[in-house]
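The structures considered in this document are given below.
You will see chain A twice below: alongside chain B first, and alongside chain C after that.
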Partner chain A sequence: MSRTTLSAHLIQFGVIAILGGAWYWSTATGSVSKLFLPEPAAVWLAFSHLITTGQFWSAVKVTLTTIAQAYAIALLAGIGVGYLVSRSRFLIDVLEPIIAGLFAIPITLFFPMFILFFGIGTGSKIAYGASYAFFPIALNTIAAFANAETHFLRAARSMGASQWDTFRHVLIPSALPVLLNGMRIGFFISFASVLGGETLSSVAGVGRNIALAAELMESARMYAWIAFVVLTAVMLNLLAGGLETRVSRGGDGAWR
Partner chain B sequence: MAMTVRLSEGRDGRLLYASRVRWARGIIILAVVVALEIYGRLFADPAFLQPPSEVLRAWFVTVLPDGRITSALGMAAFEIACAYALSVTFGAAIGLAIGSTAFSRLALFPLILLLYAIPQISFIPLFVLMFGLGAASKIAFGFTHGVLPVIVAVVGGMKNVPALYVRGARSMGLSKLAIIRHVIFPNIAPSFFVGLRLAMTMTLLGVILAELYVSTAGIGFFTRMFADNYNPAPLFALIGSLAAIALLFNGCVRILERQLSRMHSGAPAG
Partner chain C sequence: MNALAQPSGLNRVADRPVAISIRNVSQRYGHAGSPQSVLALDNVSLDIRRGEFVCLLGPSGCGKSTLLNIVGGLVAPSEGTVAVDGRRVRGEPLPQDVAFVFQESTLFPWYTILENFRIALKFQGVAKDERDARAMAALETVGMAGFARHHPTQLSVGMRQRVNMARSICVGTAILLMDEPFAALDEQTRMVLGEDLSILLAKTGKTIVFVTHSLAEAVFLSDRIAVMTARPGKIKTIVDVKEAHPRSPDFMLEPRFSDLRNELYAMLRDEIRLAMAAQRDPNAGEEASS
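Moving on, here comes the complex of A and B:
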């Protein structure tokens, strides 16, 4: 590690330490109401108490299953529709602006309709998360397959590659980086929208527990839940970043 | 397909192709509306789905004459405008500060990206606790959503500003503002415009999430009321009005972008 990156990391830790110190100091002196900001110790206590309860794990399980189902539907539909549209220039020109135009409207607006159609159980969250994540996945899939270099495709065909070989060795490697980008965006959108749906209106799950703790004015427990969500999101992000660089490096290798 | 490609060569062919694309798009949208109308009239349970014509009627009969709903819609538009203005102003300022040197980028940008990765919806109860049920909490939530993409776009663009240009401009005695206007802005413009568009998307998301979360006042109250009473026609009409507001704001951003890029291309080079 060079000296510049070392001091950059020092500054990052410094900022986080100052924020933590400000949190501790402002609650210790009582300048902030405990309702808004409980002491770090109280949040830690609530957190360590929370993870020993069965209620915590069942809420996490509900949320994770909902996210998985929503993401699976969005992947299948998004990649399927995106690939089929990308096969013809005409279809791309006709449909891509419609999909992009719909995505410009925040899908969150339609959340009350999902509640109306699917009830306040997990069904509405699955449908909401899936339809939100569908758009970036479909749009990126179209972009990924439509922008494959035509002269590579023509070269593969003229060298006698079969349709499957062309798909496997030319189309997929060239589409992979953009495709993965769409899959990553789609995952985090389904993650956030399932959490959001649970917070807005539901009966179970992590988001519901955050809203519930807020309604009951149990701020230490609410902060404990929020801390859990933040840590999960940060770890998933690091994981996705690592995965993406590894896979797209592999994709690059296939070119050479 | 090969035929159409050959046809679309030349100016007339291109125009013909463009008009075919537009026709096909119009027919698809019309087909969806007609299908919804037929399905809504003949098969759907009226407690869950209403045909588009009924939704349009509900818009004129229920949404438009009700002063409480129109003022809630107006309030939402006001909140979006405020949150967006704050996002762009603070986002550009913070972005310029962080992006100004390679070291501050290295040290502070990861913290911004870390913030960006957090699903902010989990903080919504805090915003309501702190700012109350009124416009302030929605503006604040829209702002925290909108400011991050602007910062990311500005810092991302600043990476591409050649340090030599900035040093040259400074040594020729340009003021800070003039450097931003004539050296930095033309270089970060493409990235900045993407940020402006994304910021609008995120601001809309933040304001609408907060509006829906607060179910005792504003838009959230009415959506909750219509949904709980199984009255989908006015619910769809209300959602449609909000969607129109969202599209209007997106359109404004696009116009702003066009104005700015004209200014950018009009700027003297060097």
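Moving on, here comes the complex of A and C:
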């Protein structure tokens, strides 16, 4: 470990320690109501209860399945549409601003509509997560394929590469870093939208449990569920980051 | 103007068969008559013989690169014909006969050096079991075999361009088209690579067409230098350089070298001024010539 990463880790650890200390101090001195912010020990108790009783399992299964479905739809539609648009300068000029413009609208505004169309089951959360994640994936796919460096394409053409060769050996590897970035953003947006949708209106899932605990004023339980989501997000982020470096490196050695 | 008529005296280049024949080639971008239309090349004719090193020298925007792209089949000419070994080129590359080296390294950064060579050979249709041996042989000729497993980004710009050159040689085409391959390099690296190229020419007998801005580079490398006018590009004159390949850097110290360089500069000076004026006013070049 070099000195810079060591000091970076120390600072990261310090920030977390300060936040934790502030939490402990504010609850211990009673300056914040326990109803709003219970002390760390109470949250830890609720959290271990969640884990040891296996209570979390059915909710997690619902949520993760919903996220997987929403993300799969967003990937297929986003990459498909993005690739087709990227094939023509005209289509990019016409459609890219529309897709970017729609992405600027908070899709949450349409959440009641999703409930009307798909009910309060997982359907509405899938639709919500998929339509939100579609935009960054499509936009990044357009950028990834449209900005493939022309001198590489020209070189491949001069070397007699067939269309399929060019696609496989030049276009895809050149697009991959930006494409993966879009996939990663899309994943976290579908993750956040599904959980958000569940807290707004649903019958099951992690988000539903958070909303329920809040309604019942069981704040320790609510924070335990939130802590669970945070841990899941951190783990998924590490996993995604690891996959991304692996794929970008194409086996051996980094190129970006 | 027509230097082909004069015997060059060196291996009797004039007696060798014509490798590239450029006949009355013009290139216009945009529709003729429209205000945006630009005539990039105006009725260019040139014969390049087998094993000859020809430089296209001219001011920026004179259409040298366009001419090279037309010869290599990356661009179809608006008018005129190009033939490589007697076969007409119609805007389709001829990967079996012609290889390109561009200014920017076109080594794919996502592959190692060896993989880059393999893929070039695969594109060209070389059998799988032959690829590695040919790749390594080409890397050895430029002294880069030790870097086969490296990624292009791990090499310096000069080393990358040397490997880039080796890749174009490895595909084994008789013709090499080089579009300012050393423009992005510092002068010292440029001199070393220029010397390498001269050795290579002597060894392989390839026909090379080389686009450059550099007068010294043109004199050092060429058998013939085609001096082009400002846009629309025409061949102003052809200058012979009678010096056998491989050339040593000592050639640059000879009075002959500086005489030729000065001669070229005198020819180019007015064209460079015209080209600069055209940059300020896109239509100036065309009006001045018509």
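Basically, the second predicted complex is superposed on the first by the 237 of 256 C-alpha atoms of A that agree within 3 Å, B and C clash if a C-alpha of one lies under 4 Å from a C-alpha of the other, contacts with A are read in each partner's own complex, and residues count from 1 in each chain.
Criterion: a contact is a pair of C-beta atoms (placed from the backbone, for glycine too) under 8 Å apart; a residue touches a chain by one contact, two chains touch by 3 or more.
These numbers were taken from a predicted model, which means no experiment stands behind them.
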*A:78 contacts which: chain B (first), chain C (second), both, neither?*
neither
*In the overlay, answer first, second, both or neither for which of chain B and chain C A:182 touches.*
neither
*asked:* In the overlaid three-chain picture, which partner chain does A:151 touch, first (chain B) or second (chain C), both, or neither?
replied: second
*Once the shared chain is lined up, is A:36 touching chain B (first), chain C (second), both, or neither of them?*
first
_Contacts of A:170 with chain B and chain C, given as first, second, both or neither_ = second
*Mind working out whether A:160 is in touch with chain B, chain C, both or neither, as first, second, both or neither?*
second
*Mind listing the chain A positions that touch chain C in their complex?*
151-152, 154-162, 165, 169-170, 173-174, 176, 250, 252-256
*Quick one: which bits of chain C touch chain A in the complex? Just the residue numbers, please.*
72, 74, 93, 95-96, 98-100, 102, 104, 106, 108-112, 119-120, 122-125, 149-154, 171
*Can you check the complex and tell me which residues of chain A touch chain B?*
4-5, 7-8, 11-12, 15-16, 35-36, 88-90, 93-95, 97-98, 104-106, 108-113, 115-117, 188, 191-192, 195-196, 199-200, 207, 210-211, 213-215, 219, 222, 225-226, 229-230, 233-234, 237
*Under the touch definition given earlier, write down the residues of chain B that touch chain A in their complex.*
1, 4-5, 17, 20-21, 24-25, 28-29, 48-49, 103, 106-108, 110-111, 114, 117-119, 121-126, 128-130, 201, 204-205, 208-209, 212-213, 223-224, 226-227, 230, 232, 235-236, 239, 242-243, 246-247, 250
